[in-house]
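Labels A, B, C and D are assigned to the chains in the order they are written; within every chain, residues are numbered from 1.
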Amino acid sequence: MLGNTFGRAFRLTTAGEAFGTALVGVVEGVPAGIALSEADLQVDLDRRKPGQSEIATPRVESDRVRILSGTLDGYTTGAPIGLVIDNEWATSERIAAYVNEKDVIKPGHATYTYFAKFGPRRDWIADGRANGRETAMRVAAGGIAKRLLAERGVEIVAYTRALGGIRCPDLPYDAIRTNAESPPIRCPDPEAAKQMLDRALEAKTSGDSIGGIVEAVAHGAPVGWGEPVFDKLDANLARALMSIGSVKGIEVGAGFAVAEMCGSENNDAPVLDRGTVRFETNHAGGILGGISTGEDIILRVAIKPTPTIGLEQRTVDMVAKAPASFRCRTATDPTIVPRMVPIVEAMIALVLIDHAMLAEAQDHRKEP
Amino acid sequence: MLGNTFGRAFRLTTAGEAFGTALVGVVEGVPAGIALSEADLQVDLDRRKPGQSEIATPRVESDRVRILSGTLDGYTTGAPIGLVIDNEWATSERIAAYVNEKDVIKPGHATYTYFAKFGPRRDWIADGRANGRETAMRVAAGGIAKRLLAERGVEIVAYTRALGGIRCPDLPYDAIRTNAESPPIRCPDPEAAKQMLDRALEAKTSGDSIGGIVEAVAHGAPVGWGEPVFDKLDANLARALMSIGSVKGIEVGAGFAVAEMCGSENNDAPVLDRGTVRFETNHAGGILGGISTGEDIILRVAIKPTPTIGLEQRTVDMVAKAPASFRCRTATDPTIVPRMVPIVEAMIALVLIDHAMLAEAQDHRKEP
Amino acid sequence: MLGNTFGRAFRLTTAGEAFGTALVGVVEGVPAGIALSEADLQVDLDRRKPGQSEIATPRVESDRVRILSGTLDGYTTGAPIGLVIDNEWATSERIAAYVNEKDVIKPGHATYTYFAKFGPRRDWIADGRANGRETAMRVAAGGIAKRLLAERGVEIVAYTRALGGIRCPDLPYDAIRTNAESPPIRCPDPEAAKQMLDRALEAKTSGDSIGGIVEAVAHGAPVGWGEPVFDKLDANLARALMSIGSVKGIEVGAGFAVAEMCGSENNDAPVLDRGTVRFETNHAGGILGGISTGEDIILRVAIKPTPTIGLEQRTVDMVAKAPASFRCRTATDPTIVPRMVPIVEAMIALVLIDHAMLAEAQDHRKEP
Amino acid sequence: MLGNTFGRAFRLTTAGEAFGTALVGVVEGVPAGIALSEADLQVDLDRRKPGQSEIATPRVESDRVRILSGTLDGYTTGAPIGLVIDNEWATSERIAAYVNEKDVIKPGHATYTYFAKFGPRRDWIADGRANGRETAMRVAAGGIAKRLLAERGVEIVAYTRALGGIRCPDLPYDAIRTNAESPPIRCPDPEAAKQMLDRALEAKTSGDSIGGIVEAVAHGAPVGWGEPVFDKLDANLARALMSIGSVKGIEVGAGFAVAEMCGSENNDAPVLDRGTVRFETNHAGGILGGISTGEDIILRVAIKPTPTIGLEQRTVDMVAKAPASFRCRTATDPTIVPRMVPIVEAMIALVLIDHAMLAEAQDHRKEP
């Protein structure tokens, strides 16, 4: 696997599986002299961690991150930051529970693709590296990125925009920001949130699962971030978000709606606001030509329903080369959408800080 | 600009603007001993080139690609392939026509973001590097990638799935493959194509433009391409497609529809087909856990209406810091969707061959 | 610090300082299905570890490496391998001993350059990341590389070629291979080794230190490794070796002697050996045009005398901006040359396996 | 060949062979707003170009570089700079002259390694990409790097330090700078230069060739450039210099002499000079811990004698698999050392500007 490093100026490398000893991360590019403690990173890890509510997986983890290098006396030193998160849930007893399903393709999971790519020596316990557990390290690193973005006046807020077919109405940024975190759904509209929860519990009862949409707004980014033509800001955001398991669609600004719009309708009109160029509308979602415009960066990701369900499913035993059936025997997780919120934020943060640093590093001469 | 290189095992580096002397490209990673001529690359360049129909820009270019290095006697040598495409349309007289609009933000374009990032010394002629002209070099390199994919039994077919609100119905792969290229719309359904053309001509008459959706199918890719966790196949496809100007949304397989599906409905059931694992449905779009499944890889991109329109629009003069108005004085391009088809194919080809080579390079031991 | 990742197809990322909690490493690109245990990596770590003899630093470390991810039941899984080596010596009491010399430039060390680059928040304890301790993780990763090279019939043997002005005579490969490891000097010639030890003990008595030369031979590499023009095999070997602290010179094959040779003398004559091309001499050191020739790859590195000495030295207090003096109060290390042997081997192994994989990944067509 | 890109913040990608149509280059990372013309780059190209004197190859090239993109009205625009240098000497008649020696290994050249790696479809004309001609594009790009370094007060001067066993004595930087360029030897000491020329002409007469040493001094670099632990400044300089064909050894500062020095002798004593830290001696060659110290950066490279000689040499026909003999039939080039001077400077310039930009990009907080 040659894809465990992300970013150029701010770079994350990760290792670790669902039931390995621990997750490991190295973060490069953090300047010296930034106040940083384990508690700072724990905030978002606690938002992502399992077992938070009746609609989340019952796996119990404290998800405690330890900083092994790169800081001294509470400040970064400029050296790479080594991070470890132990897998407390990964006991040999629990691992044993997976042995029987070792060779059976779990529908909707990466069982078959990992088997075909890596062979029988792959890590088959709860899909090993393909399990969503690896995202904990993304969230830890995202915490460092968010800190550096906050210094630049940028904040990222994500929330559950749709769940099981129920949509949150359009809300102004301030309303989103204030209410996005409300548990357990993370939808800022109380009425929609209530319906979403009912829908999730209904799915849980029936042993099924539901998908949804997470929307994210990055507020405060200046004009000028993004490196055309292949490292456009939206291109790297798309890669980052699509690299999260379960994401099947991405929209920037108006997204797929642009396919039915006219140019005269979709073009955002530039206007002057106290000498600064702003845009009257934001169909562009804050990005033009692959470079941030200074408006809010608006992204939406479509998240598929959790593939692990309690219903019996037809499948294949890869080793016996025979039909088989599979049914998740442990308690099911009716939706992962609310837990995706901090992961989406983390990936956006990793992209934005990387592009911020790349942009700041280039000494373009602005005088005529 | 630090984003002009794409790929790891098969790598493209490009330079060039709309009205510069020429586009320049270097392709690395092509094995020695592959038959390759300029004519091979010209095929797709001719599909992309301007001036093909009444609904395309009137810019006239032969888009003739020249191979300056990396081949000998009609075969690749293993050395990097240097490519040049001259900008024949770029005369000083035509450049002069852009001077008056130099400081005015063209709505929906990258004028302002380039000005803010690069300063007054940016290339302002038809938006310079931000102009879609740079994609000609992507298409040339994509031709090399397609050749190497064909050797592996992979073919990529893209087509206009929707235009101005009119959608092409679901068609089987063979029907798409046979009829996708029909001019000028590149929609394989004749009835839909006719309505789309009417819609485009209507937009042209009114001086406006329309957006649409391009769908692409990569057929024949084996199971095993993709490098988790950050270089998943879908992640790099998303980056590649979002790096094309005007793309605002991306879907893999069922795409945004997953947000309203249940797990029991969305999970594709594995089945055995003469000893091989296949899937009964393909909501996954041929990718699970970031790795190809062996099923068709299905992608859709949302393309915004051409921002250059004939209608008068309110805007801002960046230098005078004053309100202004802008109207495209040359003949307009009511839609770019059909011309995007070969560009979408090229970017998918660049990603697939890169991942094919990365996957083939890894010597995983498949015996137990 | 943006330079903690090494390699492309086989990639190592490291973090960790002399007195941090631990060293952290992530190794990517290891195929699935390779037998690998912590004990395998311990072999070379034990060769590098401090406290082995009367001429090495008295720091005591078990240098126990732990594999946190990427293996299952004793085999690699294809997932990235997470490694940790705890810093057992790094107690708060020992750290306290460094406080007084915090602001004083230690001559020959990176104290001043780290202070100037990273500012006062740098890790100042025993020079933090600049301390040779980080090489332990290189050696651990080198152990994985060596295992993959052994599968390809390649072995790397390094030894002390010169120490304190005493040189080991020219020896045939077999003699080097058999006797290189003899403690404590790692010089395969017993007579030279004895003189070298005397010279080192003499330096120790006087509170001074001595430099030397390590030579390495990589035996068994096939023709064809190396990626011109910038990633030539010798270019990447040079980078790898020069990235080890204390290395000030590098030679390939005849090295600096070529400056005084004629072409007719330096050119190695190709000859046929049972149908295979070999070379009568090996002034090229096994590399021509940046690509391995199939002959032994021969490298030499010049290692400066340990900068930490027991003698009083004039220096500068960077904070007080005043002249100061510095004298190492702890027991000194009269030479690091013998401990460099496994580090040199590890870096060569990392480069060779990376280039082996890159070369094997390229499907050049060898038929006419 | 996957090694045609160099650098991270300032990045060069090249293509082109000795007898292809042209050399192609793309330079990324150049800020917008820098005055840049083709004439600026021509200066160093003229210093490198063949046919300058009686001791250089008789190939005649104007080596005219053309800028195809990335500039407008004499200034850079921030877009990648596309460069082309035509191969005027590469006529079909001259190519024909190489056909007979197609399958014969030219001793000291890359003939065999390219044949073995790339197969019979490699470019065999004058060794194709392995020919030193590709360095012309390095020199062109180096010209851009030098311009950006000059803005930072850095200048690089290289010269012939030794040729055919004759050494230039130690000279102060000002004497080197003033006299380094004296033709045709580029040795700043007139007496040594005279002896070197005699030695070269003597080699020419006898049909043989001689090697030498180029020394380079980079003057004016501030403290702080270099990215430990793998991208140390000296590590990347070593890679850059070793990537030049014919280089077999590299020294930084005291180089191999450190192997015979004591620590008390080799350590450079820090001193205060008007409040700034300087070093009394410069055995370190301006780099400590992989980071520039602010002192002159001093490098030496050993260059082997031109492998192309007029004497008959025993060799092998690779296709016939039979012994053969080879003798260069065209006029020979008794030494390439003086022509290496601008190439060495260019490679150092590429590394220094890349590290300058990386260092400047990192926002380390210097207040306590």
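What we mean here is this: contacts are C-beta pairs under 8 Å (C-beta built on N, C-alpha and C of every residue); 3 or more make two chains touch, one makes a residue touch a chain.
Since the model is a prediction, treat every value here as computed from it, not as a measurement.
Asks: Counting C-beta pairs in contact, which comes out ahead: B-D or A-D?
Replies: Answer by contact count: B-D.
Asks: Can you spot which option in A-C, B-C or C-D is basically A-B again, with over half of the contact pairs the same by residue number?
Replies: C-D
Asks: Just curious, how far off is chain D from chain B if you go by their C-alpha centres, in Å?
Replies: Taking the average C-alpha coordinate of chain B and of chain D, the gap between them is 39 Å.
Asks: For chain C versus chain D, what separation do you get between their C-alpha means, in angstrom?
Replies: 26
Asks: Measure off the straight-line distance from the CA centroid of chain A to the CA centroid of chain D, and report it in whole Å.
Replies: 46
Asks: Would you mind listing the residues of chain A that make contact with two or more other chains?
Replies: Within chain A, the residues that touch at least two other chains are 1-2, 4-5, 8-9, 14, 29, 32-33, 78, 117-121, 129, 358, 362, 364-367.
Asks: In the complex formed with chain B, which residues of chain C make contact?
Replies: It is residues 8-9, 29, 31-34, 78, 357-358, 360-367 of chain C that touch chain B.
Asks: Which chain C residues qualify as touching chain A in the complex?
Replies: Its residues touching chain A are 1-2, 4-5, 9, 11, 13-17, 20-24, 26, 28-29, 32-33, 66-70, 72, 75-84, 117-125, 128-129.
Asks: Enumerate the contact residues on chain B facing chain A in the complex.
Replies: 1-6, 8, 14, 105, 107-110, 112-114, 116-121, 127, 129-130, 134, 162, 164-165, 203, 208-213, 223-224, 226-232, 234-243, 245, 248-272, 275, 277, 283-285, 288-294, 302-309, 311, 313-316, 318, 321-323, 358-359, 362, 364-368
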